[in-house]
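Each of the next two complexes has subunit A plus one more chain, namely subunit B in the first and subunit C in the second.
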Partner chain A sequence: MTTARRHAGPDPTHHDLEARTQEHYEWLAAEADKNLDRLEAQDPVHDVTLDDVLKRRGLSRRDFLKMSAVMTATLGLPPMFDLRVARAQEVATRLPVIWQELQSCSGNSMALIRNANPGTDELLLDLISLEYAEILMAPSGQAAEDVLADAIERYDGQYIAVFEGSVPVAEDGGYLTIGPTGETGVHKVEHISRHAAAVIAAGTCSAYGGIPAARPNPTTAMGVADFLGQRGIGTPVVNLPACPVSSTNVVGTILEYAMFGRLPSLDAYGRPLWAYQDRIHDKCERRGHFDAGEFVEGWTDIEGLKAGLCLFKVGCKGPMAYNNCGVVRYNEGASWPIMAGHGCIGCSEPGFWDTLTPFEVPLAGRVYSTPFGTDADADTIGTVALGAAAAGVAIHAGATALKAATESRSDAKKEQ
Partner chain B sequence: MTTDTRRLPPRKDAVVLEREGRPRMVVYVFGRYVRAAHWIRNALLIWLVLSGIYLGNPFLARSLTGDTSSTFTLAQVRGWHVAAGWILLAFTIARIYQFLFINERGRLGLGKELKMAPILVNWKAWRDQLAFYLLMRREHPHFTYSNYGPLQYLVYTALYAALLIISVTGILIAAPYLQSGVAVWSAGLLSPIETALGGIANVRTLHHVTMWFFILFTLVHIYMAVWNSMRTGNLLVEGIISGFAAKDMPDAREATDDDFEAPGEPAAEDTTKEG
Partner chain C sequence: MAAKHVIDPITRIEGHLRIEIEVDETNNVVEEAASSSTAFRGFENIMRGRDPKDVGMFAQRICGVCTFHHYERGVEATEDAFGVTLPPNARMLRNLIWAAQAINDHTTHFYQLHAMDWFDVVSALDADPVAATEIAHQFHRTPYNASESHYTQVAERLLAFVQSGQLGPFAGGYWGHPKYRLSPEENLIIASHYLDNLAVQRMSAKASAIFGGKNPHPQSLIVGGMTSARDALDAHRIAEYQFLIQKSADFVERAYLPDLELIARRYRTEALAGEGGGLRNYMSFGAMSLDERPWDQRAHFLPAGLVLDRDLSTVHDVDPMKIAEEVAHAWYDYEGGETALHPLDGQTNPNYEGLNEDGTLKTEGGYSWIKSPRYDGQPVEVGPLARLIVAYAAGDEKVQTVMDDFTDTIGVPFDFWYSTVGRTVARGLETKIIADYVPELVTNLTQNVASGDDRFFNRYEPKDGPGWAMGEAPRGSLSHWLTIENGSVANYQAVVPSTWNASPKDGREQRGAYEAALVTQPMSDPERPLEVVRTIHSFDPCLACAVHVLNRDGEEIARFEVEV
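After this line comes the complex of A and B, so read on.
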């Protein structure tokens, strides 16, 4: 994993930068061509072609190229990659994917398949060879297990494993058993990851443990990357947190893999930089109101809500969250939480359930459990401590006055 | 800079006053720089706490600020908060440099105050100082090799640790608001700290909690300064304004380096004996 690159070092001169960027893109393009050629030479793993899918969806080739161009921009690549991204989608039929549910609500799968207007994202879902996905497949029970075992064997070392949900490790993984034989989630993740070319952790639960890992974390839930690290399994992992992860980020990551044959560069928390390097707050349409100090004062501030003022005071955690929601939005770019009028809850941040709650007050209102049995925020605790210190000061001052009085009395006696 | 005058006879210039029934000499203990630094930092901290509370939870409602679409209230407050933070950090770095590297003669070397660190494990000094504060002894204990009592030494060290913590977290919070510059550049170097803390949310929380250390410190600091000033008659509170404070006559005890300290030396910035 590379370290965070949100804060760049001193800028090289503009001219240098341009030349070097161009050089870098040319190198990348060559890489992509090499990899796409290699994939194209392989036999497709299933007999769907791009043309079939386009016809079924009622899309023209032109629509498809437009969508590819949008995807290219989302990936942070220049227009010279438009056609390469389109090609990557065509050869995605040669990319086997295994989608495994763990301790999850299946919300990520739902978000992927429930889009109102099918676009690139769903298109790719049709194209990739989804070998195994409980939610989508027809077989169940032992038949499903057989499909999985068969896929792992056939595409050993070639498939992408997508996990959704956290890995509960307490009680030997007994909190999560899957399938007719009651195999534990722990065992499933180990087995599937060991034979995978790369692992995608889709959604915050599988990236960082998510809600199941919130204090007190009864099932000792953890993210897939942490779990694999603990078990010494070296398959590369990319984290795609958010609740649910936007379909664009899943599809983009798969496309990057198809195009370059490796996972994208990641930030310090294992997230692809192309999707997670910018702060929600810095790409937010309400940001002008934030800097102006114009806030929605509360949920009864209808005027402020209607004016689309900044949601910071009703708990927006955009300043603490990194994701591209504000740019790609959800449901085919229809909307996203802040646009809909609720602050960001920072769902793509590690440990957000513990560090960013309560969701509807600013971060300064974060609540701690105190030894006195009640919960309080830092300012309440601080004020109580200040009061206690003031009381201590008053007592000490009183005691000093008493002591000084007795001292001067005894001094006077001595002098007599 | 001033010449080395510390071998002058003990404070011929001192005015001898009768305080608390004893003769004491009133001498110049806090140089101009020390006093200025004290009050500038005091003002900075007050502004930083007030503006910081606003930034954490913008309490000025629209009804108070009126139309801010051209004044950008929050951005202004944030800008001046960050600016004050940089100035405070400059003072902090200068002070830490002095602590670590300025020796008895005011030259570069092993810091005079750093060499006082053994006071922290001097159990007799701890006993004496605590007994003094708990009103179990009347005389202020005198620590031969240290300007500070052990409690004081500990609290001031913690103060500088807190200043560093709040500065580092502050830089990490400020950087994403800026395009380029020293904050962005230094946040690049400091980003492993952010990762180790588990993300920007915890960095902000730490920044906020550390603020309360300064608020509590201020209360205790003011009380102890006033208390010491009254209890021992050492004019300390007046001293941080005028520069002059009262000391025991050198002959009342064994003379120490302290008695030779002349104005103009980089004296310990805060030689108050409170903790």
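After this line comes the complex of A and C, so read on.
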């Protein structure tokens, strides 16, 4: 993984505000120049020049520079950025994205097209260039294969590859074939990833294997990062688990790369910190009831459900799960499982189909094993008495300590 | 002399599908077709040993497009095994989600997955926005987003997009194909709605999430009830649901239905020639349960039944015991020389025979991971068209009115429906029929809640034994079957819409619905198989659904003994 965990920037200990601001702008300008140099060095992706575009819109170059100055001001940047903004518009190519489905249910594709602000039309027409996506693309068969081959060649080393679904490696990959020659999913992932700038594993299946990899894993299904690791392919991977992925998280990650040319900082499981650093439990709208020891006691407890009490006793796995569901919710903020009274099933965690089931049984009272491992912290979680508010504190402390431990272990590993 | 053409992947569907056609080179007519599924996950094995209360959550991951429906059916199968029924509020909530999901599914299918088979986006660039406005008004008094300025903006946006050289989803389409029948202005109208629906479809998904927690993959159903009681008792949430559906219905009324009328008029010749008609048998398990009686006595919003040989004078009852799955041309063997097995007695012994050296299917033997379900030995079509035909034949007035009005408007006989165009139009009419019913569903809930009923869950005692559930998903007839031993799932089977429709030939060499619909299709250019893709899309394929039930290691599966 080549991604820096912390972004470089001006020295935050500098106390002179004006100097700090100037220093910040200079740093930002240098970053912008670097990115622009990189973009300009790329082969042009289309034959239309800026002059063609301006002509079509009835604008002169002078008009264009004036507009760039206005945009610079709109962005709140000093005049030193005028020419850089103009340059950025001139080289702007929408970020090429190749979206390949593997052992999938298409739920992540469906989640993507339900994103709002940007909506799918803005995303497709204005922000990215979705070069290949089976769920939306016009051509089928050989024509579709040609589009994929063309995109890989044209944007070699520049595109984002998004995978949805797990990689079945058993039977020489024979459990998934795609295309007129019967190419295996295994080969598709290798080929597409090798030529990509970065890989996004959208959804729990492509991140960690998900449900195809659940016991007994009949097809030896794997997550993409594990698979690429095994095959020695070093393209950086960002995992965006959840079943399906939150569209906010997948669009946010793509846009971070499109705008800043960088990948987000990741946690121990390869998930962006900006989306996955908090436990569901810590940002839960029902957390107050947990701390107060007020629980929905069972599905017949209609008063508890009406009052929105804590769902821990009916099986909520929020204390074990990391994602921003409670903050951004789903479907334009309409709801999320805990709001709907069900409780979290921990769908962003590796192996949750095996380790966090049965879904309606609270985790306390049985040993909590894998994916964190059965260490002391997990035993603490497993043995706390169900129901007492004190149990909640223990769970909280246990899981947080555990998270910190895994992260610091992972950091240490990365620094080596 | 016939030439073989492989179309793989079929895009704009759920999952991985291959179609092979053999085309007579003298007249470019399809002589033979083979439908093959090329992906496998092994859900059946994964379900074994699980808590029966969890199976709905697992089953839902069969498909993220038919999201909710496998969840509902899985939960129902366990409810049947436990002998628990739903309180009225819970049934109504599930139906509210069903309706929102069906509206979402049908509109998304038509615009995002199917419309590019009918409209040519490149031709739309030549449209005159003023003329487009006039045409739109011929199909509706107040057409959706049909001002000159709107069409101008859409045309400019598409032009800028095309000129950027990055064509995204439009790259490589069969643009300029002679079988595109619309004028530039008409193409612009549908292109405009293609973009509109990217935003509009979010509303019906959001509506389903109000009571489902999220979409795709809602999370509020439990065995015996629903968890989203607080949302269902909240007038603001109910109103939010209702308004989101109302806005979706408005789009259906002012964009989707007029577009279908336009397509029906321009593709009338193909429809009346019966292109894509295929099988003559239509089946429905009944859409939306309206009470808690056993399945065969239950009232449904759209009725269960079977129409054979397009004979509308008789609607046959569906007998669950007459469903059998064959494997003559699937990659499986049955022990003891059996040729057809009821899902209750199902075996799944894989026998992968591979592909020919040139990568084509070995159609003389097994050629798909999908089995061939048959009803009383006969292949049947399932889906919106089948549901409407069954309802029409059963005398359902709301369905008869909508279908007759449509054919009267276009001036075509009933046979219009037995075609690719008919199948596509039927889906749109069903969307309207469902949307029209939503206010009543909402009123039922508010009245029941106002009467003081706040039950959303019925108690049950878990028990061992078999359980099954039958009903309709947007794509067609969906049944789940399970058996519980020692408190865990011992066996799980699902017979799903795309298994019925996408199945390979059976032991008597009878084609499945996709294959039957392709044979005799005239092609204008087999290298650019627009006609094939259009017909396949008219079924709304969902392949992950169709192939989830397979068991690769062939171990003995526990047998069902169930009285039905």
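Keep this in mind: the second predicted complex is superposed on the first by the 258 of 416 C-alpha atoms of A that agree within 3 Å, B and C clash if a C-alpha of one lies under 4 Å from a C-alpha of the other, contacts with A are read in each partner's own complex, and residues count from 1 in each chain.
The criterion applied here is as follows: a residue touches a chain if its C-beta (ideal position, glycine included) is under 8 Å from a C-beta of that chain, and two chains touch if they have at least 3 such contacts.
What you are looking at is a predicted structure, and each value in this text was computed from that prediction instead of being measured.
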Quiz item: Is A:Leu28 touching the first partner subunit B, the second partner subunit C, both, or neither of them?
Solution: neither
Practice problem: Using the superposition on chain A described above, determine whether A:Thr355 touches subunit B (first), subunit C (second), both, or neither. | Solution: first
Quiz prompt | Per-residue touch tally on subunit A - higher for subunit B or for subunit C | solution = C
Quiz item: In the superposed arrangement, which partner chain does A:Met80 touch: subunit B (first), subunit C (second), both, or neither?
Solution: neither
Quiz prompt | First, second, both or neither for A:Ile135, with subunit B first and subunit C second | solution = second
Quiz item: So, does A:Tyr269 touch the first partner subunit B, the second partner subunit C, both, or neither?
Solution: first
Quiz item: Looking at the overlay, what does A:Val327 touch: subunit B (first), subunit C (second), both, or neither?
Solution: neither
Self-check item: Contact residues common to both interfaces of subunit A (with subunit B and with subunit C)
Solution: none
Quiz item: For subunit C, which residues are in contact with subunit A within the complex?
Solution: 6-16, 38-43, 45-46, 49-51, 53-54, 57-58, 61-65, 67, 108, 112-113, 116, 121, 157, 161, 163-166, 168-175, 195, 198-199, 201-202, 205-206, 209-220, 222, 224-225, 227-231, 233, 240, 352, 355, 359, 454-457, 459, 528-529, 533, 544, 551-553
Self-check item: List of subunit B residues in touch with subunit A within their complex
Solution: 21, 56-58, 60-62, 65, 68-69, 71-75, 77, 133, 135, 138, 175-176, 180, 184-185, 187-188, 191-192, 194-195, 198-202, 204-205, 208-209, 211-212, 215-216, 219-220, 223, 227, 231
Exercise. Please give the residue numbers of subunit A that touch subunit C in the complex, ascending.
Key: 45-48, 52-53, 56, 93-94, 96, 101, 103-111, 113-114, 116, 119-121, 124-125, 129-131, 133-147, 150, 168, 171, 174-182, 185, 210-212, 214-219, 221, 243-244, 299-300, 302, 305-306, 308, 329-332, 334-343, 345, 353, 357-361
Quiz item: What residues of subunit A sit close enough to touch subunit B in their complex?
Solution: 3-4, 6-11, 268-269, 279, 281-282, 288, 290-295, 297, 304, 309, 312-313, 317, 319-320, 346, 349-352, 355-356, 362-366, 378, 381-382, 385-386, 389-390, 393, 396-397, 399-400, 403-404, 407, 411
